[in-house]
Amino acid sequence: MTDILAAACIAILVVMAIALARAFKAPTVYDRVLGVNMFGTKTVLFIAASGFLMGRPDFLDIAIVYALINFIGMVAVLRFFEYTSPIE
Amino acid sequence: MDFLDIVSSILLLAGVFFGLSGAVGLFRFPDFFTRIHAASVTDSIAAILIIGGLLLQTSFDLNTAKLVFILLFLLVTSPTASHALAKSARHGGLLTLAESSPQDKQESAK
Amino acid sequence: MSFILDYYNYWIVVFLMMAGFYIVISANNLVKKIVGLNIFQTSVFMLYISMGKVTGGTAPIVAEGVTQYSNPLPHVLILTAIVVGVATTAVGLALVVRIKRAYGTVEENEFDNKDDVI
Amino acid sequence: MAEFIDLVLLAMLAMLALTALRIIFLKDLFAVVMLFGIYSFLSALIFLNLDAVDVAFTEASVGAGISTVLMLVTLAMTGRKEKQSTHSSLLPLFVVLVTGAALIYGTLDMPPFGHPDNPVHQHVAPRYIEESPKEVGLPNMVTSVLASYRGFDTLGETVVVFSAVIGVLSLLGVRRKKKKDLESGLETHRVLHVVAKNIIPLVILFALYVQFHGDFGPGGGFQAGVIAAAAFILYALVLGLPKAFAVVGPRFLQWMAAAGVLLYASVGLYSMYKGGQFLDYNQLAADPIAGQHYGIIIIELGVGITVFAVMLNIFYAFGSQAERSNVQ
């Protein structure tokens, strides 16, 4: 079981890296935000899975905080778009 | 490996597969609206499958409740964020591939 | 290989610290400078936390069957430092907002010729 | 298992370094702030992998949440593009390379990463690890050290946070505006409205859980205060500042920030009155362990109240400035 969990963790890490690459180089501003959002949600899953892998799943609290902060960050970005014109 | 472990592994691997396919879609699709489609749909299904797989590893305690909370939270916020972002992009004047001029089409195809 | 693993953390910390330092001294925009300061700050946090890690240890919360814990002292120092760090960042950003209102710009090289106007 | 953690750590540190490198070369400040958010998230993940759960908790909520929001609000007022620098970047590069080389040379003298007999682990740490569960009676050693052994230090940090809000308020000030010229909140996003309204109570519940469960798991006053503030920030972002002012006003928050610090300090004074030292929780009850429990719960509550009030008030100050410059 630990092998499967470890494989899942590494695969999620790969997804995070791809999302990071999108945030590094994006055709539009919105793509960048999309990359950041995807990075955040995958991080939540990574923390949850790695908590089980390391045998201390009581750290799921941190995953909840990540999910929450990720959402608030997204809302802040949307609010920012209302102020400034996002198209370059 | 007992039965629950096998089911849990299958769920985890399926979730990871959808996550990876969403990540590929983030780069392969031609315009923003198709990309956000790929990202948000796979995000939700990956969350359901992976957390579902982890749920089978718990023994009905506080961790189960926390995992269910995370799942519900992600299921509510992630599509909302995607929807609001797409709406904001539409509002900000971003066009779909079909609407944009042929010259833009060439640019985004690069 | 073990030599690299032993010091990899510290090298990355130095790299991040220098990246933050470079942004602070070379960036023109005050907001970017504050981002640089934050990167610098986080690298210091990471140095402390790296020193507190014990291989084979686990988080310093008592659990059954665990004998080796990581060092809790750096965690305490850095936990409060993070909160104080964001408080100072807020003060810095408030100063940036005031500078924008007074000078009409937050670019460093545009202040010089505006001092006389105000 | 240890190799796996090392591998994950290597990958994450590499991602972190790449993010920092990318931030240097970006000229679009919005992208810089977005990547800074990722940078904070990644560093929190690394803290988690280095066993510092409480630190990861704080970094995720404070660093990634509050800092990013404040920077975005500032950007809304100062503009998004960094102009081309006029001075040469060679001298800074030279300075940085020389300093970096000196520091790398310095790291070679450091004890290797993760060894249990490094000097750091010899001084006071063994005492904290072995004695604190007996002396203070809490499973979370970080909370014991934070609130009990180093309680005076934490009081100082709380005062620093409190003085930061004084600084921000004297620089910016919260401005109440007349109802009619307010055009704030994400009015057109109906789905967001409904979702945010329903999520906020859950977030506040979670903040209370973090506040009072911090003795047993990761969490505590600092994190709980920030999470509760984040709930109100979400409310203010979605529904607009005036509605948030109607729920918790800036004036009330100023009182709250002061009350938290006073609550903390009064525990110390009370223990002096009972005949002990300042912040000596053993005096608070007949049984020392019970006294420690009372003391830690009360001072964590004080910290939580102060941090909540300070973070929310700082956001109010920035937000009202942004709305003001937006109307003009």
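When the chains are written out, they are named A, B, C and D in that same order, and each has its own residue count from 1.
The rule is short, and it goes like this: contacts are C-beta pairs under 8 Å (C-beta built on N, C-alpha and C of every residue); 3 or more make two chains touch, one makes a residue touch a chain.
On a predicted model such as this, the values are computed, not experimentally measured, just so you know.
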Farthest chain relative to subunit D (centres taken as mean CA coordinates): B
Chain pair with the higher count of C-beta pairs in contact (B-D, A-D): A-D
Inter-centroid spacing, subunit D versus subunit A (mean Cα positions, whole Å): 19
Where subunit B and subunit D are represented by their mean Cα positions, the distance between them in whole Å: 29
Whole-Å gap separating subunit B and subunit C, where each centre is the average of the chain's CA atoms: 31
Where subunit A and subunit B are represented by their mean Cα positions, the distance between them in whole Å: 10
Subunit A: positions in contact with at least two other chains: 33, 54, 58-59, 61, 64, 68, 71, 75, 77-78, 86
Per-residue multi-chain contacts in subunit C, two or more chains: 58-59, 61, 63
Touching two or more other chains - residues of subunit D: 53, 75, 186, 189, 192, 199, 217-218
All pairs of touching chains, each written as two labels joined by a dash: A-B, A-C, A-D, B-D, C-D
Footprint of subunit B on subunit A - complex, ascending: 1, 4-5, 7-8, 11-12, 14-15, 18-19, 21-22, 27-28, 30-31, 33-35, 37-38, 41-42, 44-45, 48-49, 52, 57-58, 60-61, 63-64, 67-68, 70-71, 74-75, 77-78, 81, 85-87
Partner subunit A, residues of subunit D touching it in the complex: 1, 4-5, 8, 11-12, 15, 18-19, 22, 28, 30-31, 34-35, 37-38, 41, 44-45, 48-49, 53, 56-57, 60-61, 64-65, 68-69, 72-73, 75-76, 80, 186, 189, 192, 196, 199, 203, 206, 210, 217-219, 223, 227, 230, 233-234, 237-238, 322, 326
Subunit B residues touching subunit A - in the complex, by the definition given at the top: 1, 5, 8-9, 12-13, 15-16, 19-20, 22-24, 26-27, 32, 35-36, 39, 43, 46-47, 50-51, 53-54, 57-58, 62-63, 66-67, 69-70, 73-74, 77-78, 80-82, 84-85, 88-89, 92-94, 108
Of all residues in subunit B, those that touch subunit D in their complex: 69, 73, 76-77, 80, 83-84, 87-88, 91
Complex contact set, residues of subunit D against subunit B: 186, 188-189, 191-192, 195, 198-199, 202
